[in-house]
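Got some structures for you, see below.
In the two assemblies presented below, subunit A is common to both, partnered first by subunit B and then by subunit C.
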Partner chain A sequence: MNGYGGNILRVDLSTGKITRQPTPADMAKNYLGGRGFGAYFLFTEVPAKADPLGLENKLIISSGPLSGLMVPGAGKCDFTTKSPLTGGYASASLGGHFTAEMKYAGIDSLILEGISPKPVYLFIDDEQVELRDASAMWGKGAITLEKELKEQFGEEFQIAVIGPGGENGVAFAHINHDFGRQAGRGGVGTVMGAKKVKAIVLRGTKQIPVADVQLYRESSMALFKACKEADMLKEWQRYGTTIVTSWCDEVGALPTRNFSAGSFEDGKTLYGPVMREQIVITDKGCFGCPSPCGKYSKVGRYKSHVEGPEYETIGMLGSNLGISDIQDVAQANLLCDELGIDTISTGSVIGWAMECYEKGILTKEDTGGLELKFGNVPATFTLIEKIARREGLGKLLSQGVKKAAQQVGKGSEKFAIHVKGMEQSAYATHYATAMLLAYMTCDVGAHHNRAWAITYDLQVGRERVAEDKVARVIWLQNFRPMFDVLGACRLQWVELGIDRNLYVPVLEAITGVHRTWEDLEKIGERIWNLNRLYWKREIEDFDRSWDLPSPRFYQEPPKTGVTAGKITNYEDVQTLLDMYYEQRGWSHEGLPTNDTLARLDLAALAN
Partner chain B sequence: MRLYIDNAKCTGCRACLVACSLNLFQESNPKKAALLLIPHFPAPGVYEMKVCTQCGDCARVCPTEAIKLNERGAYYVDHDECDLCEACVPECPEEVMFVRAELANHAWKCDLCGDCVLVCGTDALWIAE
Partner chain C sequence: MPATLRPYGLLKEYVAQQSEVSVASGRTIRETLLELGIPVDIVALVTVNDVPQSKDYLLQDGDTVRLLAVIGGG
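Right after this comes the complex of A and B.
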């Protein structure tokens, strides 16, 4: 099948049985690849109400039809599973070079099933697929182990590993690859750890079939040319995602002290130019990327090397914790990477714990003697370690902020910043209604990358509650995730502003099938609705209350910064949801109607 | 004319390797490229790229005279005359003369097509005298 590796590789960890099946043509037609394959397999193969850490859950790792080919940023790999953090749908995106290697090994989806009786790593070298003993690797840090495996097998192998956090069952453990890129969110590393898989070591040497090689080359070259001629290229290359740190601070979107404000009085020392000057030594690109976000740093104070920090980490482990020194943030980032836990969720649970401590809800007895005030860097480092080891206060926090707040109570639920149990990423949304709605309705919980709508808020009026804003969020949610379905990065469109229609001939030349963006957005809408059905199937009482944001964003206007005194009121939050459900073709409780399911060819699956 | 690389600008993205394999083999496979990427991570955290200088050492030792000059003044491998003897490989001072029988039935090297330069987003690669 043109554009595809051609195989679904299944590894039953319980029995050691390894099977390949041809990638189903129907699935490729309706779900295309990547996140689409993940959503389809999760819905159709993982039984309802499965334990996320049990035998029945699966970890589904998928490439897309563009992955591994000569397309800008064609290295986006999707990791889908039932989330141990939220109990619902989890899909995390990994950059780097892993998914290209999957394609060269002829694999479209790699599905890990069952639970291994002992720690193993999965070794794949084209047709050779083996489960090997990983007893000696268990307990090792993710970066440390990746280095060892590279030395053992060579540079041609691409490697994905979990750290101690994934082994120990931290609900937001990630999967590390290429010394600092992660499938970060929703606990995909937790599931890999529960399955006792420490690492995947992968090499492929095969050809990916392409429908029209000449047209593929010409149309792809046009994409690269557009990227290279983009006005924003040089600045993005220099700063990557840290471009937005100063912008967020200036517009009141920079999470500050557990999202109690959106501007940080000491924020300037976290800005991109400061970081570039102080610590960045190398620009580090994912597969085929002309505009690398990856900034590789040498942190003088700690004599360490780390990829990043990127913006989300700067927000969550920096300003959100009241930490203003970029070297401290970089070191916290490295600790999370090595220990295998998501920097966004980690920053959120620590921010919540700091607020609890400052309000007297948690005491030194609870913190193991830590003076857990905002800005305390050594306490932050200690707590990161304790979370990964699930020790002391770290054990409480390792469950995620929703469960931690439910257990501690005393009003702390009101400042547990999450939606559906996923900690909100680094955009404060007191005064940005489209971005607030994007977080409320995101298919994995409060994550930004499906609909980064905050720029639209600033364009059309931040406080407005209007149909056009809702329409914008829905369009972004249908369209942007299609890049994760195709297996390529969205940021060439988002940040370089290249014409998305340039992808149309590329995709046609590769797959042999003509698809417009309208066609692709319909696939995106199908996947979005399928994931909504999944939430309802897994969570008995799933209704519109699950789409509500943290009360902080409708009850507590910031006291400082440019958004001081600004807030979206509760009635407007509900109005946003009403408009959203109406435009989506969903019921009052936020479920797709029969007409919507029929329009998206989902009726059969839904029943 | 030859290819040049500024390692400080290389981001390790491998776009050049894919473009190279597409031109040499009409397939997308970084393992069949005529440039060599050596990442040094986690420390010191830099990329090293090796490229052909068109020095011609490979051509001088080729027993079947399979390595010839093309219209761009670059040495290329005449597939029909290469017998995979590997005499060229150790002669290459930059380690960018490739023989891998499991991947191709002839040796390969940079023929200065320039496609790597076209896809390099950071202008780390260029062609000059």
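Right after this comes the complex of A and C.
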């Protein structure tokens, strides 16, 4: 099949059996690849109500039809599983070079099944696929181990690793690759650790068949040209995601002290240009990227190096914790990466714990003597370690903020900032109704990567509750995640503003199938609805209440900052949800109607 | 010589798609944006002669200002 690696590789970790099957053509037609394959396999192969850490869950790792080919940012790999954090659908996207190598090894999806009796790593070198003993590696830091494996096997091999966090069962453990890239959210690393897989070591040398080489060359060159000529290229490459730090602070979207406000009075020392000057030593890109946005930093105070911090980490481990020095944030970032835990969820649980401490809900006895006030850097570093090792207070926090708050009670549930059990990422949404709705309805929980709608809020009126805002969120949800399906980065469209129609001829040249963005958004809509069915199937009492935001965003106007005194009221939250369900073709309880399922060719799967 | 403003991306919609706008010096970026009808809140980054500046920067003669919106974010 043109554009594909050609195989689904299954590894049964319980028995050691390895199976290779041709990638089904109709699955490629209807679900395309990447996140689409992940959603399909999760729904059809992981039994209902499976234990996320048990034998029946699977970790589905998928490249897409653009992965590894001559397309800007063609380095995205999807990791899909049943989430140990939320109990629902998890999908995390990994950059770097892993997905390209998978394609060259002839793999479209790699599916890890069962549980290994002892720690193993998976070795793949084209046709050679082996499970090897990882007992000597178990316990090692993710970055440390990747370096050792690169030295052992050579630079050609691509490595994906879990840290101690994944081994220990932290609910939001991530998977590390290329030293500073992660499949970050939802506990995909936790599942890999539960299966006792410490690392994947991968090399591929095959070619990928392409339908029309001439059109491929011309159309991919047009895409690269558009990137190189983009107005924003210089600043995007210089600052990467940190381009938004100052802007978020100015518009009241920078999470501050556990999302109690949207601007941080000490925020200036976290801004992109300050970071660039103080710690950044080079830019770093993923596979085939013309606009490398990663930042590699030397953190003088701690004599360390880290890839990052990205905006999300700056928000969640910086302003969200009342920490204002970028070097401290960078060091916290490094600790999380080495230990293998998601910086966003980690920042959120620590922010919640700090607020509990300041309110007297948690005492020094609970914190093991830590003075857990906002701004306490040493306490933050100590707590990150404790979370990864699941010790003391870290054990409570390692379950995620929803469960931690349920266990502690005393009103702390009201400031556990999550949706569906996933901690909200770094945009404060007291006063931005489209972005609020985006977080409420994101299919993995409160993550920003599907519909990033906050500029739209600012353009059309942040407090407006209107059909056009809902339509915008839905369009972004059907469209943006298609990049994760195609296996390429969306940031060239998102940040450089290139014309998305440039992808259409490239995709056709590669796969031999003509698809417009309308066709692609229909696939996006299909996957979206399939994931909604998955939540309904897996969660006992799943209903519209699972789409509600944290009460902080409809009960507690910030006392300080740009959005002081502003809040969305609860009636508007419900109105947004009603409008959303109607536009999606869902019932009042938020489930796809039969007509919607039929229109999206999901009726058979749903029954 | 006045200052030159270069709005990029969606910001051009607010200045009839002009790539370059001549503006008076002696005023802040913020005041200038307000006068041109460019919503201050959607301008994510301002650089003056390639150096990032806040919106309170006072424009000097001959300054070249790049204005960037956050198009898609995240």
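By definition in this document, the second predicted complex is superposed on the first by the 607 of 607 C-alpha atoms of A that agree within 3 Å, B and C clash if a C-alpha of one lies under 4 Å from a C-alpha of the other, contacts with A are read in each partner's own complex, and residues count from 1 in each chain.
In the analysis below, a residue touches a chain if its C-beta (ideal position, glycine included) is under 8 Å from a C-beta of that chain, and two chains touch if they have at least 3 such contacts.
Since this is a predicted model, take the numbers as computed values, not measurements.
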**Asked** Which partner, once the models are overlaid, touches more of subunit A's residues, subunit C or subunit B?
**Response** B
**Request:** Go through the superposed model and pick first if A:I243 touches only subunit B, second if only subunit C, both, or neither.
**Result:** second
**Request:** Examine A:V251 and indicate which partner it touches, taking first as subunit B and second as subunit C; both and neither are also allowed.
**Result:** second
**Message:** Quick check for you: in the superposed arrangement, does A:P273 touch first (subunit B), second (subunit C), both or neither?
**Reply:** second
**Message:** Going by the contact rule set out at the top, does A:L458 touch subunit B (first), subunit C (second), both, or neither?
**Reply:** second
**Message:** Looking at A:L502 after the superposition, I want to know if it touches subunit B, subunit C, both of them or none. Which is it: first, second, both, neither?
**Reply:** neither
**Request:** Flag every residue of subunit B that touches subunit A in the complex, lowest number first.
**Result:** 9, 11-15, 18-19, 22, 26-31, 37-39, 41-47, 102-103, 115, 118-122
**Asked** Residues of subunit A touching subunit B in their complex?
**Response** 68-70, 72, 97, 100, 104, 143, 147, 155-156, 178-180, 205-208, 210, 213, 217, 221, 224-225, 227-228, 233, 237, 281-292, 294, 296-298, 305-306
**Request:** Over in the complex, which subunit A residues touch subunit C? Could you list them?
**Result:** 231-232, 235, 239, 241, 243-244, 246-247, 250-251, 272-273, 427, 448-449, 452, 454-455, 458-459, 480, 490, 493-495, 497
**Request:** In the complex, go through subunit C and note every residue touching subunit A.
**Result:** 8-10, 39, 41-45, 47, 52, 54-55, 66, 68-74
